[in-house]
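Reviewing the structure listed below.
Chain lettering (A, B, C and D) follows the sequence in which the chains are written, and residue indices restart at 1 in each chain.
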Amino acid sequence: MGMIGGGPGAFIGEIHRLAANLDGDVQLVCGVFSRDWERTQTMAAQLGIPASRAYRSHEEMFEAEKRLPVEERMQFASIVTPNYQHFGAASDALKNGFHVVCDKPPTLSLAEVETLQQLAAQSGLLYALTFTYLGYPMVNEARQRVASGAIGKVRKVVVNYPQGWLSQPIEESGNKQASWRTDPEKSGPAGCLGDIGSHAHSLAEYISGQRVTHVCADLNTAVEHRRLDDDVSVLLKFDQGANGVLMASQISAGEENGITISVYGEKGGYRWSHVTPNTLIELDQNGPDKVLRAGSNNAYLHPSTLNMCRTPAGHPEGYLEAFANIYQRFSELVDLAHTQVDEGFGVADGVRSMRFIETVLASAKSDQKWTPLV
Amino acid sequence: MGMIGGGPGAFIGEIHRLAANLDGDVQLVCGVFSRDWERTQTMAAQLGIPASRAYRSHEEMFEAEKRLPVEERMQFASIVTPNYQHFGAASDALKNGFHVVCDKPPTLSLAEVETLQQLAAQSGLLYALTFTYLGYPMVNEARQRVASGAIGKVRKVVVNYPQGWLSQPIEESGNKQASWRTDPEKSGPAGCLGDIGSHAHSLAEYISGQRVTHVCADLNTAVEHRRLDDDVSVLLKFDQGANGVLMASQISAGEENGITISVYGEKGGYRWSHVTPNTLIELDQNGPDKVLRAGSNNAYLHPSTLNMCRTPAGHPEGYLEAFANIYQRFSELVDLAHTQVDEGFGVADGVRSMRFIETVLASAKSDQKWTPLV
Amino acid sequence: MGMIGGGPGAFIGEIHRLAANLDGDVQLVCGVFSRDWERTQTMAAQLGIPASRAYRSHEEMFEAEKRLPVEERMQFASIVTPNYQHFGAASDALKNGFHVVCDKPPTLSLAEVETLQQLAAQSGLLYALTFTYLGYPMVNEARQRVASGAIGKVRKVVVNYPQGWLSQPIEESGNKQASWRTDPEKSGPAGCLGDIGSHAHSLAEYISGQRVTHVCADLNTAVEHRRLDDDVSVLLKFDQGANGVLMASQISAGEENGITISVYGEKGGYRWSHVTPNTLIELDQNGPDKVLRAGSNNAYLHPSTLNMCRTPAGHPEGYLEAFANIYQRFSELVDLAHTQVDEGFGVADGVRSMRFIETVLASAKSDQKWTPLV
Amino acid sequence: MGMIGGGPGAFIGEIHRLAANLDGDVQLVCGVFSRDWERTQTMAAQLGIPASRAYRSHEEMFEAEKRLPVEERMQFASIVTPNYQHFGAASDALKNGFHVVCDKPPTLSLAEVETLQQLAAQSGLLYALTFTYLGYPMVNEARQRVASGAIGKVRKVVVNYPQGWLSQPIEESGNKQASWRTDPEKSGPAGCLGDIGSHAHSLAEYISGQRVTHVCADLNTAVEHRRLDDDVSVLLKFDQGANGVLMASQISAGEENGITISVYGEKGGYRWSHVTPNTLIELDQNGPDKVLRAGSNNAYLHPSTLNMCRTPAGHPEGYLEAFANIYQRFSELVDLAHTQVDEGFGVADGVRSMRFIETVLASAKSDQKWTPLV
């Protein structure tokens, strides 16, 4: 793979590299790690990438790599830049014949991601978004069990994603992560909403198997002078009758990254929390809760969940492994010459995600209670 | 005390009796336990109350007790009937010179509770509501610490109250608790909202020290043919700038009674959960979380919290003890001839609670996003 | 009941009173609360006991009470003094025709408790020990399920009882609880061993259904100048083949009162912890763990467990309720004119407990690995 | 690196490969994956290792690799075979100039590991053992804080390592992991003791900073016909006055791999559990517990702990990352041409580990209570 973004000090770029590398199936062969040429060179050297395959721009990278023999050239682009560069990099990759893995959100606007959808369809190339939390084995298990009807029809979805790291105006004192994330030029019109609200939305639909049809949003900016929302509350209606509540906040002081979700059906429910990611609680209205646990040896798990476990129960896997599951699956699909990634991770999901973001933004400005998400 | 309601098989009446009795300061001396005279007699016998002080109606009870010498007669009425009888019993008690402890919600309507407020003011008698969760030591500790500015200005309140016991239409198969709670004649216009949403609202204001000014509500009835809401989601705005999310649901299949609240300020937050009621997590954006624990020997707790603990740390107290704290404090105020109960438990709080309920009901019917709570 | 001990400032006396009173079945009618006559009078006044039934000594109390009409007099003595007074009070009670409830350990020596056993047998009176933890519903549930064979033959028992309150020599600075507990004259030859090790032993046998046959003990005194052990580690062998580890320590700095036990059989196990007393984890080697929960409405629980629950699931009960379960059951047996209390709580269990203590003390002094407990 | 062991279906070999690869600093270049030449070839192909560097024996591998140019040849051997092959492979590696990483236990006997110690000293080569749990950031944090005197002198260490996977005689039905681990020819004279008891011992010494001087052991074999111990209980004395309890069991039915440790000092303690590896509880006898959390951004952590974190707080790391920390540090030491690995991981620790194992075996056979560990 070739990476775009992820220069020295970047958080998510390093995560992508560790994750892509974890199972040994993906090799990082080239990259544009920064808009600063020197930083790209430094990073390439540090990563053991030959100087010849450190590039000044993604355009240059695609041009050069295309000319390499098939077995040598990068197979796909991994886009880990701030949001505003996603679209350009992804569309150019697709136009030049490269598959794409992109960090979420896919683009700054719905229009852009729809363009990507067309490009992907026309090219037959794979486009995947790293909705990290969907890469956790026990999230998959919840989805499979809900789909199997284990808890009956889903009625209620509650997803909370509290973070505290933007409780103070740290973008004003040079925090790099905070700076671009609170800058509408780089992050797009959604702050916390795009950064983590999008994860919460994707997780809610993924596990419940239902799709949001209406939103009623309250967006706030708790920190003075901040230019984007840092706190999001949304009421939800789903297409098969469930309702829900989504909370995402980056001013929940003291919280780390504790996304939790509860999904309730007629007979029971599921609870999953990122703090204890290898555990899924199965609630039963008529009997004791069950503690389902990740583990390659837990035969009661769905085969697709077992596939996502590297270690037997009791040997905790975490964030990198969840991320790696996405890369590993993507790499497998590339090898199998598939033309579509799995539901939840594809360009259509990117379209849904951007539509969700734009609809929530519209709802936040509206005096009407419900804004439809079409 | 004299009890109104709480006949054989009633849940909350038994809880009130156990709680009132727990510390030995309150004695149950008379009662009308049921509208069925035989059941009242049975209950009285069972409770060791002389037959002469089992009454056919609360009117009869008040009349008879008034005529007893002061040191013998009941000092206050404990009202634990279904909601629709609260107002009549409470207003008659106040008119006849008896203090009142009443289960929440105080009445079926705002107008009624405002009448009680006038009666209480005129009579100088005490009127208290058993907002149970406010009786927990660590809820008090959170309130005290927030008030002291420990976490800075409160910005966000998230309160979730999931129950699962009404996931199925058990009111149709004779469940007594479910029957009156889902019957608008007996429960009033609010179902889940009045039953547990009112607790969530009271807890949110009590800990945050802020008051709800606007609500945006989504009320649902998940179970077919049910006549009242069984699921509540509300966005909140508070008077000092916080916003919030309140979820209360009785169709969260598999959940017991796990009310949880998180309150976030500029520097940190507090998390409390009814599942582990003796623990309060103090979140700090710049350091490790602290695990504050109930216990009569934990000198770091607020004096008023220590007052609410009967046992040293590590000897768990629970629901009855929380309830008992309310009775014990009420009994103390009666003895001290106070004319007002503590903030959070008084008739003014009952007024706020009914106003909250009516405003949420109005909001649920409205197409407008925000409905002011005045 | 009449109480012996439990003067102002006593911990366990107050607990016994709250517990005995909780369900309304037991009435405290008289007492000798202190060896100091003034303190006894003060306490009696505070508890609403008539001056005529505050006594100078237990001898005086038994004499006086015997002369009262049967329906007025105390039915049983509740002994909550420091250990060294247990035997005298209990034996006199039995000799005078009164049943006995006594805090553990029953006596200072095995010989003494064997005398009590004879007295109880001769008199046909009830003698019960408040092994508090056996009063928890989920401890009973574990015992019942183990007995039913749910996990197969028990192979391993691990019980840990860490406390931290004696980490410093607080007996030297006037802490009353610490003073008598570290004084061999008042506490007997066992310190931590008698105080909490005895609870751990009783819990281990109660749940496993097996009896300790051999011990290998390491007793330590971590705090300089302390006169009794404050830290206990024991290897155990049981009569049906299980082995075990028992740890009890009062110098586990920072710990509250977190006794935990794990019992493992051929197919699964049970885990219970006093920190979350309403939860029992059922381990299954071939499937997910189950989270069993106390609650009067949890039909999957054993009938005897349901009997011990006052509230529905999700309304936490605690230490006082566990204690109260013991009093309530005792009071029921008195009413039914039984001549024996339930296994786990009786004088035979007191004999076993003292034998355990004496054997552990002997083992601690021995160079031999195993000391038989006959 | 070149790997010895870890053929198809092996558990720990795959873990070593994933861990070594995780940070991209170590490359697997050759190997003898099985004693079966076909399986080695299959594995090599699967791992992308050129056929020319798949070897028939470790002797052949060392010979061949020595002849390669320095920059091409393997730098160190990773030994992941069943125990009985450790010594031969490690001693040959050292004799042929290759550093060694070996899974624990180092050898089958103390004599063997002492030979390795001499070989390592003579050769100036690095020898490291993968005591996995020492690779967790929060284990390191506990060690650093204890060493800094944060809790005063350590008095008590309690380490429990329950597993359930050998509850049934699965070695008789072809389970490969179970077969060699219960076979004295392949596993050595210690079963559960060598497999996981050794981890518990290493963790106890590592965090407490004290060394075991005496043991009193009870070894059991719960499963009929099993040829080695499957359950271990040991009382411990340490060189600076602490005492302890170590439990390791593979017949704790229903348990996964939940090693937990509590270390208590004069003023407080630390609790760490493998089930929640990113959390370290700091107990304080005089104040609330603190919840210390792994995370590259948690400035309150020791610098060496921060070094072990790849992700910010709230992005869980797990078993592979802990393992990878050991490989990464080893690889760094190789690059820096150090001649010793860090305390806890070196050959001297291997010697201590084997001495512990042999002493526990001797103690288990002895009638004397204490057996010295010299």
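What we mean here is this: contacts are C-beta pairs under 8 Å (C-beta built on N, C-alpha and C of every residue); 3 or more make two chains touch, one makes a residue touch a chain.
A quick map from chain label to UniProt name: A, B, C, D = Gfo/Idh/MocA family protein.
Bear in mind that the values here come from a model prediction, so they are computed numbers and not experimental data.
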**Message:** Let me spell it out: compute each chain's centre from its C-alpha atoms, then which one is farthest from subunit D (Gfo/Idh/MocA family protein)'s centre?
**Reply:** B
**Item:** Between B-C and B-D, the pair with more C-beta contacts
**Value:** B-C
**Prompt:** What is the distance in Å between the mean C-alpha positions of subunit C (Gfo/Idh/MocA family protein) and subunit D (Gfo/Idh/MocA family protein)?
**Reply:** 42
**Request:** With chain centres taken as the means of their Cα atoms, state the distance from subunit B (Gfo/Idh/MocA family protein) to subunit D (Gfo/Idh/MocA family protein) in Å.
**Result:** 54
**Distance between the centres, which are taken as Cα means, of subunit C (Gfo/Idh/MocA family protein) and subunit B (Gfo/Idh/MocA family protein), whole angstrom** = 35
**Prompt:** Counting only residues that touch at least 2 other chains, which ones in subunit C (Gfo/Idh/MocA family protein) make the list?
**Reply:** 255, 282, 289, 293
**Item:** Partner subunit A (Gfo/Idh/MocA family protein), residues of subunit C (Gfo/Idh/MocA family protein) touching it in the complex
**Value:** 281-282, 287-293, 300
**Complete:** In the complex, the residues of subunit B (Gfo/Idh/MocA family protein) that touch subunit C (Gfo/Idh/MocA family protein) are 11, 14-15, 17-18, 21-24, 47-48, 163, 255-258, 274-278, 293, 295, 310-321
**Request:** Mind listing the subunit A (Gfo/Idh/MocA family protein) positions that touch subunit B (Gfo/Idh/MocA family protein) in their complex?
**Result:** 151-152, 155-156, 158, 160, 162, 164-165, 167-168, 216, 218, 220, 222, 231, 233, 235, 237, 243-245, 247, 249, 251-255, 262, 264-269, 282-285, 289, 366-370
